[in-house]
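Listed next: structures, encoded as structure tokens.
Next, two complexes with subunit A in common: one pairs it with subunit B, the other with subunit C.
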Partner chain A sequence: MKLHELIKENFQKENTYSVSEKMRVDEAFGIFDKLGIPSTKNEEWKYTNLKNIAEKEFKIESSLKNISDFYSKLSIQNITSNRLVFVNGIYSETLSNIIEKDKTILIDNIFSARKNHTEIYNNHFSKYAKIEGLALNAMNAALLNDGAFVFVPKGKVVEHPILIINITDSVESNILSQPRNLIVVEKSANVKLIEAYYSTGKNASFTNVVSEIYADENACVEHYKIQQQVGECYQNNFTQFFQEANTTINQVTLTLDGTVVRNNLHFYMNGENCNTLLYGLYLATENNHIDNHTRVDHAKPNCYSNELYKGILKDKSTAVFNGKIMVHLDAQKTNAYQRNQNILLSDEATINTKPQLEIFADDVKCSHGATVGQLEEEPMFYLRSRGIPENEARKMLLNAFADAIAEEIKIPELVSILEQEINNKL
Partner chain B sequence: MTEEVNIIDKVTNQDYQYGFSTDIEMDTAPKGLSEDTVRFISAKKKEPQWMLDWRLKAYHHWLKMEEPTWQNFSYPKINYQDIIFYAAPKVKKTLNSLDEVDPELLKTFDKLGISLLEQKRLTGVAVDAVFDSVSIATTFKAQLKEKGVIFCAISEAVHEHPELVKKYLGSVVPHTDNYFAALNAAVFSDGSFVYIPKGVRCPMELSTYFRINAENTGQFERTMIIADEGSYVSYLEGCTAPMRDENQLHAAVVELVSETNAEIKYSTVQNWYPGDKEGKGGIYNFVTKRGICEGANSKISWTQVETGSAITWKYPSCILKGENSTGEFFSVAVTNNYQQADTGTKMIHIGKNSKSRIVSKGISAGKSHNSYRGLVRVNKKASGSRNHTQCDSMLIGDRSGAHTFPYIEINNKTAQVEHEASTSKIGEDQLFYCKQRGIGMEEAISLIVNGFCKEVLNQLPMEFAVEAQKLLAVSLEGSVG
Partner chain C sequence: MLSIKNLQAEIEGKKILNGINLEVKPGEVHAIMGPNGAGKSTLSSVLAGREDYTVTGGEVIFNGKNLLDLSPEDRAREGVFLAFQYPVEIPGVSTTNFLKTAINEKRKYHGLEPMEATDFLKMMRAKMEFVEMDKSLTSRSLNEGFSGGEKKRNEIFQMAMLEPKLGILDETDSGLDIDALRLVSNGVNKLRNKENAFIVITHYQRLLDYIVPDFVHVLYKGRIVKSGDKELAKELEVKGYDWIKQEVEAAQ
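This part shows the complex of A and B:
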């Protein structure tokens, strides 16, 4: 059964929703059913072909698998943190661990929040991530698995990072999972979040995640995403930040593996004086296809955004970068910068980059740049002439290239995971 | 074959039954597009069979195509059945003196510094034959002939140099290329044909004035320039059009072929009627321009100054097939009031060590929108290729928009590609500086804009550069205050 039919069949079976919820999911399903899985004719999907996914037979898991062995080997769990663990989209209570002592800070799963924190859930759920025209978002909204729910009340600071781990276990069959995260950060609150993606098993998996992150006035959010799914793993990751005035967001995306990974990272600045920093590093090897779509909406005046994405491509890998800065009509005094730099290490690697600016206000400072090249000869010569073997020298230079991103990661354990991965792969 | 010819003859003759018998009516094709229209145009030009076949093939392909929708602007749907696809020169209402010409138009001419004789010619005062869709008699023909340069109308070339036309027609822009290219291939009226023989450096700048004149006539020009081994040519294309109420479609095709060691320089100044201040009327300029650097060390350079047209939609492109070939694109696009522009270039690197450079300056004022859309593709075998792209936008007024959509597709690790873009407005300090020294607001803006565009304007041949500078000032008039 193809993906579209699978969703259809399972959607018809599903009947656990309340009346108001039912309307929402019906609408979402309607949109998905009409649009179908996007094809490369869709300008947004020009460089990323989902045909493989659309025609594969996936299974939606209903019971929790025990993967504690695999989990215990993950180096990320060394980070002192609050942990929410999901296996094939299903919440694992045994592996999750909340160390936060302040009980007004809610760290939970979505299904529990729907029952126990209905008001917050109703106020924010599905309010920020658009589904119109976005088939995969609609698919997630129509038939979501569980996901993380975080609520940080006014003025609170969460001491340790909140780690959201998603693992796909495709040992027995092809797996489709659709996690859904909702993070609400109230006024002047402060939180660090890490989203991590892993996989085990030989069969294929498709993870279709949607995250909504709401930052109220003066809030501060640090958000990290690390993607390390190995094997035949497809992922579509949509994250929508919605920022009120004076908020600061620091976002870092590290894509280190994956058959096809598509990240859609959207920011909407709904108030003045927002500060948004977004960094990305993608390491594509073998047949990886890594696609980063970012969009920063400057809807109000006096906001600042700075984007830097760096990529290293090896073997037969492909990477796509599509960055869009949208300066709305009244967003005067906007400062928006965007840069994308790529290094190709092999003749069979391909990079498609498309940095875009759409500007409707006149008093703005916007710039973007993109470069594609190989390692420069001069620094290489410098190192070689000092007796450093070529391999070592290359590693050194690539590490230096990646360092601009690593510098922005404020959790040391994450930096060492990144460094290790670079050294292993290159 | 003979049977086919018979049928075609029959059909062509049939056409005349529908009232094309009088001389005057035969000057224009009836409104609308059908196979008959294509045959009519072909018959009017007394084209050989192969040409008609080529047109029909394009027409049938066009029927199967859909109008593109990916562009970053909108326009009312074009009714292709409401357009006259062919208008030959005919006796038209001539004016006795310049006094009868729209004074607004004359003012513009004055500002551009166009000579009185030229003004008369442009406004249709009876001085010289005014042509529409059919190339103006070309000058200096004898001198060119001496060098072996062919510079004539395409319709003439079809008869006189069929082997060249057959070889190159549609070789760069095939009829299947896009919707408007297919339309052009089916109904193109005329255009220029240039052939520079081996080793010849064309002794003069070749230039043609295109004009749109007869009401409701879509213009479908087709230009071909072929530079054989080791030759050089510089071609100028300049356009003006009088006031007009209804939107007019202009879907031209330009094909350039540059052989080994040859160089083609193609400059355009486009100043067609942009519509009035409310955005009514104006020309749709949907053009397919493409050049191929066929041989090693060949070069193609596009320079364009786009100030006119309600909508400008074109991407002069280079296919860099030869080793060490070079492609260049210099562009200034100015939009004001309700004008829209979606323009840029494509650089396709196929040959080793091919180089390309893109400099694009966009200026948007009033309520206009200006987009840069460009593609740089480096194919697998194009090792050592190099591209540098710079695109800057300037915004004047807070209701205009500037957009950049660069596509960069790289399949080779030795390629070095850089893209940079910036958007800004005219600095208040710059304006202050000028005003403080007694330079008026409008003059100051024109000064700053000219400085902003200098890099591109410098690429234009001398006469054009002067005209282009004035044009920028005229286009931006009234955009401030």
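This part shows the complex of A and C:
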């Protein structure tokens, strides 16, 4: 059964929704059913081909797999953190662990929140991530698995990061999982989040995840995404930040592996004086394909956004960068900057990079730029002329290239993981 | 130590070195002078192993090994050090980490254990004083945002750290004010001993007042056209290069 049929069949089986929710879910399914899996004819999917995914037979998991052995070997565990762990989209209570002592701070799975924190859930769930015209978002909304739920009340600071780990286990069959995260950060509250993706098993997996992050006035969110799925792993990752006035978001996306990874990272500034920093580093090797679509909506005046994405491509890998900055009509005094820099380590690697500025206000400062190049010869020769072998010199220079991103990561364990991956792969 | 015989090299099909001969023994300092475009930097680059150049003839023997067969890193580990005319800035690579890697790679090549961290830091401190290099410079990225003079001093500092058998200084004096020139020269003079040797490439006689050479060679159109002692440098200072050019032209 192809993916579209699988969704259709399972959708008709599902029946756990309340009446009001049912309407929303039906609508989502309707949109998905009409649009189908996007093809490369769709401008937004021009360089990322999902045919492989559309035609593969996936299974939707119904019971929790025991993967404690695999889990215990993940180095990300060294981070002192609150953990929510999901296996093939299903919440694992045994692997999850909440160390936060303040019980007004809610760190839970979303199915539990729907039951136990219904008001917050109803106020925010599915309010920010669009589904109109977005087939994969609609598919997620129609048939979601579990996911993370975080609620930080007004003025509270979550002491340790919240680590949201998604693992696909395709040992027995191809797996489709559709995690769904909802993060609500109230006024002047403060939180650090890490989304991490891993995989085990020889079969294929498709992770179609949607996250909504709401930041109320003066809130501060540090958000990291680290993608390290190895094997035949596909991922579509949609994240919508919704920012009220005076919020600060520091977002870093590290895409270190994956057969096909498509990130859609959206910010909507719904108030003045927002600060949005978005950094990305992608390492593409072998035949991997990594696509980063970002979009920053400057909807209100006096906001600042700064984007830096860096890519290292090896072998026959391909990557896409598409960065859209939308400056709305009344978003005067907008400052928006964007850069995309790439190093190609092989003649067979390809990058498609496209900055897109759409500016409807007149008093703004915007800039963008993209570079694609090879590792420079002069620094290479300089290092070698001091006795550092070619291999080692290359690693040093690639780490140096990644350094501008590593500097923005305030969790040292994540920096070590990044350095390790660079040293192992390149 | 170093024996260059009839060395010829080209770049992009253009012949730059047209048969260089040079013998350098331990303890010696050789100055190479010559007008712009003579091939001085080309010679130093070929000795250090820059891959842009194609060697089309001749040989270079360094302590019994065929230098031209070695990779740039192996040449360095055998004891060749080039102080660059234009040191490159490498943002994101820390000076300390870079030097630690370089020293330990060299030690590994010679079958030695990596240096103890404390010994390394002690050595850093000592050698920094040696060229009066500011401590803050080594905590920054390699050469990033350094002034011209700081970059040159950093080259000498690195040379002091790596203790080469043969140091090649490519116009280390150019762009230096008199104080920096004195520091750089003092650094080199303190490194001089019976076991090592230096090739000092310069455009001006000025540097040779501080680093006194045993031999002076004039490079012109890819050939050493005249050799002498330090008096030759003084003569060049007075007369310029034109008389050399005329002599060469007349001989042809």
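Points to keep in mind about this one:
Just so it is clear, the second predicted complex is superposed on the first by the 426 of 426 C-alpha atoms of A that agree within 3 Å, B and C clash if a C-alpha of one lies under 4 Å from a C-alpha of the other, contacts with A are read in each partner's own complex, and residues count from 1 in each chain.
Following the convention adopted for this analysis, contacts are C-beta pairs under 8 Å (C-beta built on N, C-alpha and C of every residue); 3 or more make two chains touch, one makes a residue touch a chain.
These figures come from a predicted structure and were not determined experimentally.
Judged by the touch definition given at the top, the superposed model places A:N275 against neither subunit B nor subunit C.
In the superposed pair of complexes, A:Y382 makes contact with subunit C only, with no contact to subunit B. In the superposition on chain A, contact of A:E358 is made with subunit B only, not with subunit C.
By the touch criterion stated above, A:N190 is placed in contact with neither subunit B nor subunit C.
With both structures placed on the common chain, the touch criterion links A:T371 to subunit B but leaves subunit C unconnected. Touch criterion not met for A:N335: it reaches neither subunit B nor subunit C. In the superposed three-chain model, the partner touching more residues of subunit A is B, compared with the other of subunit B and subunit C. In the superposed model, A:S173 lies in contact with neither subunit B nor subunit C. The residues of subunit A lying in touch with subunit C in their complex are 377-379, 381-390, 392-393, 396-397, 399-404.
The touching residues of subunit A, when paired with subunit B in their complex, are 43, 329, 332, 342, 344-374.
Residues of subunit B that touch subunit A in their complex: 70, 380, 383, 393, 395-425. Within the complex formed with subunit A, the subunit C residues making contact are 48-52, 71-73, 75-77, 81-82, 84, 87-88, 90-93, 97-99, 101-103, 105-106, 109, 141, 158, 162.
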